[in-house]
Every structure is written in C-alpha cells, then in structure tokens.
Amino acid sequence: SSGGDPNTSAPPSADAAGGLEKTQLKIATLPAIDSAAIYVAIDQGLFEKEGLEVTPQVVQAAPEAIPMLVKGEIDAMFGNYVSMFAAHDKQALKLRILAEGSRAAPDSLSIMALPDSPIKTPKDLEGKTINVNVLHNFQELALTQVLKANNVDPATIKYVQVTFQNIMPSWKGGQIDAAYLGEPMVTAATATMGARKILDPASGPAAEFPISGYVGTQEWYDENPKTAAAFQRAIHNAGKLMANNREVVAKVLPNFTQIDAATAATVTFPYFSSNDNPVRLQRVADWMLEAKWLTKAIDVKTLMSPTTSG
Amino acid sequence: MYGGGTPNAHHAIEGLNLSVAEGELLCIVGPSGCGKSTLLRSIAGLITPTGGQVKVEGNLVRQTPDNLAVVFQDYSRSLFPWMSVADNVALPLRRKNMDKRQRREAAQEALESVGLEGAGRKYPFQLSGGMQQRVAIARALAYRPTLMLMDEPFGSVDAQTREDLEDLVLKVRGHHQMTIVLITHDIDESVYVGDRVVVLSKAPAHVVGDLKVDLPAPRDQISTREHPDFVHLRAEVGRLVRGHATV
Amino acid sequence: MSAQTLSPVRPASPATRWSRRAAGALAFAALIELLSRTGLADPEFLPPASEIVVRAVTLLADSAFQAHALTSALAWAIGLCLAAVLAVPLGLLLGSVPIIDAATRSVVEFLRPIPSVALIPLVALVIGTGLQHRVALVVYASLWPILYNTMYGLRGVDPLAKESLRSYGFGPLSVLLRVSLPSSAPFILTGVRLAAGVALILTVSTEIVAGRGEGIGVFIFFAGIAVPARMTDILAGVFWVGLFGVAVNALLVWVERRAFRWHHEQLGERA
Amino acid sequence: MRTAVFRVLVLAGLIAVWEVATLLAASPFFPTPSTIVTRMHAMWFSGSPATLFLTDAAIGNILPSLGRMALGFAGGALAGVLLGLAIGLSARVYDYLDGVLQFLRAIPPPALVTVFLVVFGFGMRMQLAFIVFSIVWPVLLNTADGARSVEPLHLQTCQAFRLSRAERLLRVVVPSALPKMFAGLRLALSLSLIVMVFSELLPGTTNGIGFQLTDAYSTFDLPAMWAGIVLLGILGYLLNELFLVVERRVLAWHHAARDLVG
Amino acid sequence: MYGGGTPNAHHAIEGLNLSVAEGELLCIVGPSGCGKSTLLRSIAGLITPTGGQVKVEGNLVRQTPDNLAVVFQDYSRSLFPWMSVADNVALPLRRKNMDKRQRREAAQEALESVGLEGAGRKYPFQLSGGMQQRVAIARALAYRPTLMLMDEPFGSVDAQTREDLEDLVLKVRGHHQMTIVLITHDIDESVYVGDRVVVLSKAPAHVVGDLKVDLPAPRDQISTREHPDFVHLRAEVGRLVRGHATV
C-alpha cells in the first residue's frame, strides 16, 4: 500500500556482457505511466538480455534529476523534452538523447470540464483558468498549438501551476475553470465526477506529441557508446512488446505508480516509442523556439543516435 | 492578626501567635533564617500558610489585603529594571484614583523624601545599592498604605541616611494613620522606631519576647536614644536576641 | 507547568491536567470530525478524524510503513543532534565574542533566509542525494533556533553572576562555561525544542519534495499522487508525525524539568 | 562604526572569493556573482526613474511577495504572542492547548497543502494561512517561556500592591518576557521570508519572488534563479538589520543593564 | 593602591587617593551612592577606571588581581542559582590545587564557620536573605585570598550573628595574612574591626577622614567597645559621616 523503489531487476547474465563499457546503470524515472518502458524492460528481462543491470530511481520531477545526472550519480534519466531542451539551451548540461520514451496518445491527455460547467466547446476556454503541473512545460506547448488550430486565442488562457494531488480539490472548489488532466486522472474524473472532455491537447498539430525520453549527457555517451546502444535496444524492444500487449504494462504499473490493477485495466496509455525519430522531436524544439523558451534553435538530429534495434 | 502558619514547601514558622493593633508600629527582630520574611509574606497573603490563619482588620487573609505596601528584603530584585525610577515609584499608584500628573508628582515627592530627587529618570541598575533600597521605600511611601510591611528596609544605607529614614517613617506614620510591621536586625533601631518590639527565636520561630516601648513622642535621634528607658529596653532586646542566635 | 502567574492558584493534580490535555485533543479531533461529517470541508479531502486514526493504527502493522517511519526518525535524529552540536558552541562564540559576531553577521543573515527549496538542487549537486542530503537540509534549518536562543540566552545572564566568578580570577572561558552556559541553559533547551519541531518538518518536507527513497514524507508523497489521492493515508502519516512531535516535546520538557530543577523551583513552579 | 567597516570588509572579501571560485569552477549551476548582479539589474532594477528604477517584473513580483510576508509575519507574531502569553500565564489554558499545539507544530505544512486548499481556497488567503501557521511557533514557544520565567519577586511586588491583572500583564509580564519574545520574533522574521517562498509554490500562485525563482529553476534559467536567491539573502539581511534597530530601541533597558560589565 | 578612577559610563569617583598596606584591614564608610561599590569594583579590576590607576602590590590593576575574593553588596545575585550552596562555596576553589574531596571539605568548613553547617545541600533560593549573605561570605573565606573585598557583608544578619562574623573575619585575618577592604555603614563596626577607617564624602567621593584605629588586639565585643579610644573614634567617624550625608 506504500510507495518506494521497486527492486525487481534481475541479476545480469554473464554471456551478454561482452564489450559493454558499463553494465550497472542507475536511471532516474518519474512515478508516471510514461516511464513504464524501463520497468517492462526490467520485468521482461530485456536489459538482462543486453547484459545490463538497471536500477530505477523514482524522482518527483525532471529538474531534480538533472543535478544528479551532472554529478554522475545516475547514468541517465527519464525526462520530458521541454525541460531537457531548456536545460540544454541554458547549458546546464550537454544533452544526449539515448532513447525516445513516450508520445501522447489520443485521449491520454484531456482538457475537461465539470458536468455543470458553462464550458462546452474549445472556444469557451477563452479567458479561462487552466491548471498545469509546471509552467512553461509541454502541456502548455501542445495546448497552444491545438488551440490555435481550433481558432482560440492561446494568449487569453490563464495557466496556474497546481501540483498533482491538488488538481481535484482546486477544480471542485472552482479555483480552476477547466482541468488539464493526464492519465489516470482522465479516466477517474470521467468515471467518478462525470467530467466532460472539451479538447484533446494531443490532437491535430500536436497529435502523437513526444513527451518524454531517456536522456544522458554527451560525455557519458562518449564514454559508453556500446552501453548506450544496448540500453536503447532494450527500451525499444520494450516499446514493441507494449504496443500490442496492455498486460505487460498493467503488470508493472503498481511497482512505481500509485495506480492499482483495476485502474490500470481501464486507463489510456501513451504511445511507447519503439524507434527514435528526430523529425517528430524537432517539432518540440521548434515550438519552444516559437514560444521564446529557447534562445536559439536546436538541431535535434545531432543529439540522437540511429535506431539499432531490429 | 495572627501569624501561625507553616508555608507550603518549607516549615519555616510554627506555633507563632502574634497580633498587631491598628496604627501600631511593630518591630520584629530575630535570628537570621528564623522565618521573619516568611511571616511577612504570609501577612501579605503572598503565600498561604499550611496551618494557622492570618487576619487583617478581623478578616482572614486569603488574598493580599487592600492598601498594603511591602518593602522587600531583596529590594534590588523587586524593582522593575525596564522602568525608570520614577515609573517604578508611580506604578502602584495606578490603583489609586490619580491621573498621570498626580502620580508623577506623588512619585517625585516620595523620591525627594528619601533623598533621591535627582534620580527619577535613571534606571534602577544605574543606582547604588542603598539608592535602590530607598527607591523601594519611596514606592511604598508614595502608595500611602494603611498597612506597611518593611523587611530590613534600611540595611544598605549609611548611618545618617538611616536615621533620617527612621524619622521619615515615624513622621509618615503620624500623618497617615498607618500600621507598620518592620523587620530589622538593628536592636537600637527596633526600640527607637517601634511601639512594640517582638523578638523571635530561631527556627521554628516562636515569640521569646514582646516588649512595649513606652518612650515619649515625638522621638528624637539624640534625646530618645539617651533616655534611660531606651537604654534599658535596648539591653533587654539585646539579651533576648543573643539568647537565640545562630552562630 | 504552572508558574506563579498572574494570580496564585493551587496547582492542579496530575490527573486533572491529563484529563485537560485529553479534553483538548478530543475537542480538536471532534472539530475535524464535524467539519468533515457535515460537509463543511469536502470529506474526500478532509476525511473524518476517526477514519484517520483507525487508518493510522492499522498502518502501524504495515512493515513498509515501519521502514518509512524508521528512516525518517533516523534522518531527524542525526540532523537534530548535528544541529545542536554545531549551534551551541557557535552560539556561545557569537554571543560572547562581539568581533566574530560582527564579522559573520552579514554572512549569516544573508544565508539564513535562503529557503531550503531553493537549496535542494544545489545541495544535491554539492553533496549528493542520499541520506546526507536530507540531513544537511535538516541541519541547516534547525541550526538557527538553537543558535539564536543561545545568543539571546547569553545576553540575559546576570552580569553580577559573571563578575562574581571573574573576581575569583577565572578567565573568560571559565565564566562562559560555568556561568553563562548554565544560566542560559534553560533557554537554549527551548531552542532545541523549537529545533526539534523544525527538524521534523524539514525531514518530512524534504522527503515530500524529493519524493524518492524511504521516509514518511515519501509515503505521504505517494499517497498524494495516487488517483484519487489517498487523503486518509496522507493524514494518517501526518498523524504519526504530529504524535511523534508531541512525544519528543514531552520528553524534552521532562529533561528540562529534571536538569533545570533550580530554574523551575526558583520560579515557584510546581511540576 | 569600526565594526561596520569591518563587516563590509569581510563581506567584500567573501564575495571576491566567491567570484574567483565560481570563475574557476565554470559550472553553469554556479554562475559568478557578477553575472548574478547583472541579471538582477536587468530583471528588476533597470526601470524608469518614475518607478524608482524598478522594472515591471520587480513591481509585479517583489512587492506582492513583501506584502504577503509582512502580513504573514504580523499575523504570526500577533498570534504567537497572544497564544504564548495565554499559555505561559495560565496553567489551565496550557493544559488544554499543549497537546494540540505541539501536535500542530510538528506537522510539515507541505503535507497539509490539500487541507489548506480545501479550507482556505486558492491564493492570498491560503498563502497567508500557510505563512502564519509556519512561523507562529518560535514566537509562541519563546513567549510562553518568557512569560513563565518572570522574576518571582516582581510578581509578588505586583501582588502586594494589588495591581490589576491587565497592569501586571502589560507592565510586568510582557516587559520581562520581551527579551525572549524578541528571540522568537527574530527567528520568525527570517522564517517568514523562507515560508513566503514556499507559499509561492502553492497551487494557484501567479507572482512573487518564489514564483519567479521556481519558474527560473524549472526552465533552467540558473542566473535568474541565483538572482532570486541573492535577492532573498539581501532582503533577509536588511530585514534583520531593521529588526535589530527596533529591538535595540524596545530593549534599551535590557541591553544597558546587561552591558554594564565589560 | 591608588583608586582614582572615573569608571566607564558614570563618573562616580573623582580625585580619590587612597592606599592600603599589606595585611591591613581597611574600613570604608561613606554616604549612600558616593561610589564605594564602584571603588571596590575598580580595585577588583572588574571595571577599568577612565582616569587614574589602581595598583595592587605595586602592580597596576588591569585585570583581576590574583588571590582576590569579593563579597558583593548584592549577594543574592552573586550566588549561582543552579548550584547547591556547597557547590557555590566550592566553585572558586577550582583555581587552587585541590582535589574534589578537599574542596568539599573546605566548603563544609567555611559553611560551618558562618553557622550554615546544615545548608550545604540546599539551593540559594531556599535560604533566607541573611543566610544567602553568609554563603557569599563563606565562599570568600573558603578561598583564603590574600586580598579580600567586602561590600557591606553583614547587612542582612542579626546582631548576634553579625558580631560573630566580625570576630570571624578578625580571626581569619590573623591566621592567614590577608589584606581586607571592608565597606560598611555601621560606624561601630568600622571602628571595631578596622585597623584604619576611611570616611568618604558624598559623590564625587573624596576622602574626608582617614583614622588609624589603635585599639588593643585581640579585640573583644565587650571590652573593646567599652575602650575609651573606641568611644572616641566612633564619635569622630560619626561626625565625619554626618557632615556629608545625603538626606
């Protein structure tokens, strides 16, 4: 009934360890469905097959893990691209994307209104207050594009920062007009409160919007290229497994999120990437530049490696 | 007034039976540690005797009686360090129906009477020991109590000032019908200012002597002290005290 | 703990005093119960007190919760002890050597208001993120109450008491250790009592903010991010933290009364 | 005067060391003081003379923060002094409240954010409640301690002269508790600055130094984050100096009495 | 020893020139607030005179001289409330080469000599005013100083105890070659115990009288006080004091 680090990793198999610079990896993850791939890879022995032993470390938000990454306490982290690109842009670290992680699936994110709310259509959102987890993050970035596509002026929206556990009370208390929810809250809000979906922020121009990935530093990558490749393969293989098998995901969710089996069966999962694609990631960087969240353009291709998994 | 108490934590006084008439000036002498200060605190209602009773004007003392003033033995600790000397003296006058100016004047007058006219604006810690003691006396005098309890009030002042203060107490008593209980170690003083001198034994205290002082009024530092009765009484008190000393 | 206060009252018996305490606690619990049951506060976010307490008691048997609790208690204890060990000598130094006080005050007063939230990433960068991270933040925050109370305590020492010892030829250090320290000790202990509360808050808060590893704060964090949030679990965790605070305070008060009997008796207090 | 010069010298020396150390380290997480100051100037103090050189960002963030802090401090100090006196003076009140207050004192405010939100709602009210709740304890405990340790002879003097309860309280108990109260207030003052930042992380915050600080942090604008930290440090320092001036006035007797001996 | 100082904040004494011979018992009398306590503090090196110098054994006093003991006027504040009476008395002995048992014995002996054999385990606040004062005296005596400064040391004890303590001081002085400076308001006392009596004027203090007391040793409470020289000296000191009183 309580959280903590799940220590489900299997011991490394001796045969596959050949040639890797490093076999024991510490990876910071988030307690969110998005980071399921790493747990599935552990659970299904995919890392083991590559000769890796991976220990996940749950952190609350990406900015906290960055100092750990810089200091070398962890080898890689699961972080959202907006934060990571910002950090790269401000030279807090030299970014290297090791493997793509999650992309927004239809209905995995949602702008919702309570049943008795006057908000019915996206247009009604103008001038309203909407929560985000952190200001200036991917939530805002995607919604801005989708609102524009829906002929709503994004500049009129007031964003307030509300931590995860306080979204429901602020929404019910009328402090926010519409809620920007992710899974599993979308499912829960629909089921328990009869909330209505107004808009899917991951639709239209923001369809399959890349959210988070596994990243490290350029230095680390230069020192451990083979390990990086092995890691990328394991994550991509996990992505493939998860693409058509909800069960493997549902099984690991209780290990690192507070989602119980019953909820796990009904929530909408994001897409878990099984290859790396610089084109769709470039979109994120470009939008950030447009929003002036970056000081200069980022060529995402130079930060990524080609996909090596079969 | 009957003081027959054994105060809370320490059995200081036992089987003590003592009464003071209205308007009387009673002096109490007795060996160090015998319970004089404790007795005074009982009279003031500051501690409740575990046995026995204290009556003031026929009423049982449960609380502090009205119109009472005390000069504590530990005068320096009884002054408030955050107030100027004048404010210290004026503070109790808030209980009287006096406006600010009247209080200030009364305080100033009392300070003058103890020879501290210039010290009103100083703080207690800026005064010498004897001056602090006189501030405590001034505070009690300014209050014009009907019952005044003084615990070794002149212990820290020089001989001349002491005599002046003795005469001041006598004068004030005459003007404002006051009952005074005065504890002193100075046998001459007890006889000189007292209408009656009570000598206590060492702890647990009981009365070993109760002498009426019938010296002619008004008393005078020269003539009274030469009076044969004075010399006699003083010797008598001395004998009683010495019979019960501690060392 | 009744001083001879505004008016002298006979001290209440221990039984009366305990029943008063219980009454106070019950009234508080009843208030929460009422707020929740009447719907004045949404019961989903403020569950009734009875439910919280029941949940808290069942948690006690949960081994995972026990581990969380022990980790937090350890971080708390280490942090508080370090803070005391650092702050008392430092306070004595600053409180008795004006030149050092003058030299360091600007720096100290500059560092002091920097909130630990802002420091979390920087501290992580400098000393890492293990237990030492938590302990460092706890020490940083709980240092100040002890330091300030030590300095103010020293200032309150009767100068005559110091003069007495000096007149016997004792040096400044002896005067400090034999007069200033004991005389301000009761006030320093109040500082420690304050710091104990601050340390507890910081321990749990850092855990909540960091949201990883073990600790009551982590437990609370995870209960918070569940959907829907497990408010009963959060408040059950809070309940134990609060109770721990009460116990620590009671212990320190007890120590104070034993160690500084002179102080309390002199004030005419009765246990 | 000499100590003031001395203090400035120490401070200047430390800043120089800081500058050199950060230059050598060249870590983006630790910008040089000169970078930070430049950033502070650009962000807050490059406005027009009409607004005392404050920029819009300064007016929109620093002033609301200070307002919150001042209100929170005033509320917490008042509550702490009143409760502390009540507890320090009355055994009965003490008995009733002790358990509950000690319980509340130990509770980490972040765990209660949701409850605060439900009870107080978004924004100013909740932020103030949060600040007050966090800073009241040092004032309360120290005041209670002070009120309980009044020189017994002072109380007996009051009693002998039959001063009213109000007079005893105002003229004797409060002045003797003042030195300790001030120790608590000084702690609470620095604490209120810290908690002010915390309160600006609460749901629904839209401005403030703390808000800017976390925003800078989450977008990795590290010089801006450091600018916030340094600003807090400077504010803390100034507030403390101001406090000491007040304290020296109010506690003049205390300092004079204690400083007698060299 | 020259005390000619104007201490820090307050100009208490000015143009005072005074010396004490080794082994002498010098009594100082003078009006309240004239600066006696301040003078004592200067001698003890507790305050630095703004002008003038204090010399002990030919050396300028900058710090507290070695082997000095002081009995403060405000005795109750000079005792440490967190220590038992015995510990209070034993504390200064840490400066001497004594082990724990020796210290305890010396303390017990000193307490006995002032009539407080039973009070060792009590705390100061559990004692009466006079008893506290005697503890302060015992502390100074136990230390066996070569220079002892006493500020109205017998102010709070009863007549009999006072006489006993006077004799005690005389006895101790005889046994352990001590220089003693004793401030008192009791003129008889100053003549009875002193080898020399210095009378100070009111503030700013200067010496108005410096009398050698040539009474036969050993002194005796009965016969000495009846000695014609005693009576004469006492009258002389009295006259000098009265000429400079404050009220």
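All chains are identified by letter, namely A, B, C, D and E, in their written order; residue positions are counted from 1 within each chain.
What we mean here is this: contacts are C-beta pairs under 8 Å (C-beta built on N, C-alpha and C of every residue); 3 or more make two chains touch, one makes a residue touch a chain.
Predicted, not measured: the structure shown is a model, and the values here were computed from it.
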Chain whose average C-alpha position is farthest from subunit B's own: A
In terms of mean CA position, the chain most removed from subunit E is A
Report the pair of chains linked by the most C-beta pairs in contact. C-D
Subunit A and subunit B, separation of their C-alpha mean positions in angstrom: 85
Centroid from C-alpha atoms only, then distance subunit A to subunit D, rounded to Å. What do you get? 39
Centroid distance [mean C-alpha coordinates] between subunit C and subunit B, Å: 48
Multi-partner residues of subunit C (at least 2 other chains): 8, 42, 45, 121-122, 125, 163, 209, 224, 229, 263, 266
What parts of subunit E, by residue number, touch at least two of the other chains? 46, 74, 77
For subunit A, write out the residues touching at least two other chains, lowest number first. 63, 66-67, 70, 165, 169, 173
Per the touch rule, the subunit A residues reaching subunit C in their complex are 1-5, 31, 57-60, 63-64, 66-68, 70-71, 73, 164-165, 168-169, 172-173, 184-185, 188, 192, 257-259, 263
Taking the touch rule as given, give the residues of subunit A at its contact with subunit D in the complex, in rising order. 61, 63, 66-67, 70, 83, 86-87, 89-93, 131, 134-137, 158, 160-163, 165-166, 169-170, 173, 175-176, 293
For the complex, which residues does subunit C have touching subunit A? 42, 44-45, 62, 64-65, 68, 120-122, 124-125, 128-129, 209-214, 218-219, 221-230, 233
Subunit E-facing residues of subunit B, complex: 10, 29-37, 73-74, 76-77, 114-115, 126-131, 134, 151-152, 155-162, 164-165, 185-187, 238, 241-242, 245-247
Contact footprint of subunit D on subunit C as seen in their complex: 1-9, 11-12, 16-17, 20-25, 27-28, 41-42, 45-46, 98-99, 102-107, 109-118, 121-122, 125, 144-145, 148-149, 151-152, 155-157, 159, 162-163, 186-187, 190, 193-194, 197, 200-202, 204-205, 208-209, 217, 220, 224, 229, 231, 234-235, 237-238, 241-246, 248-250, 263, 266-269
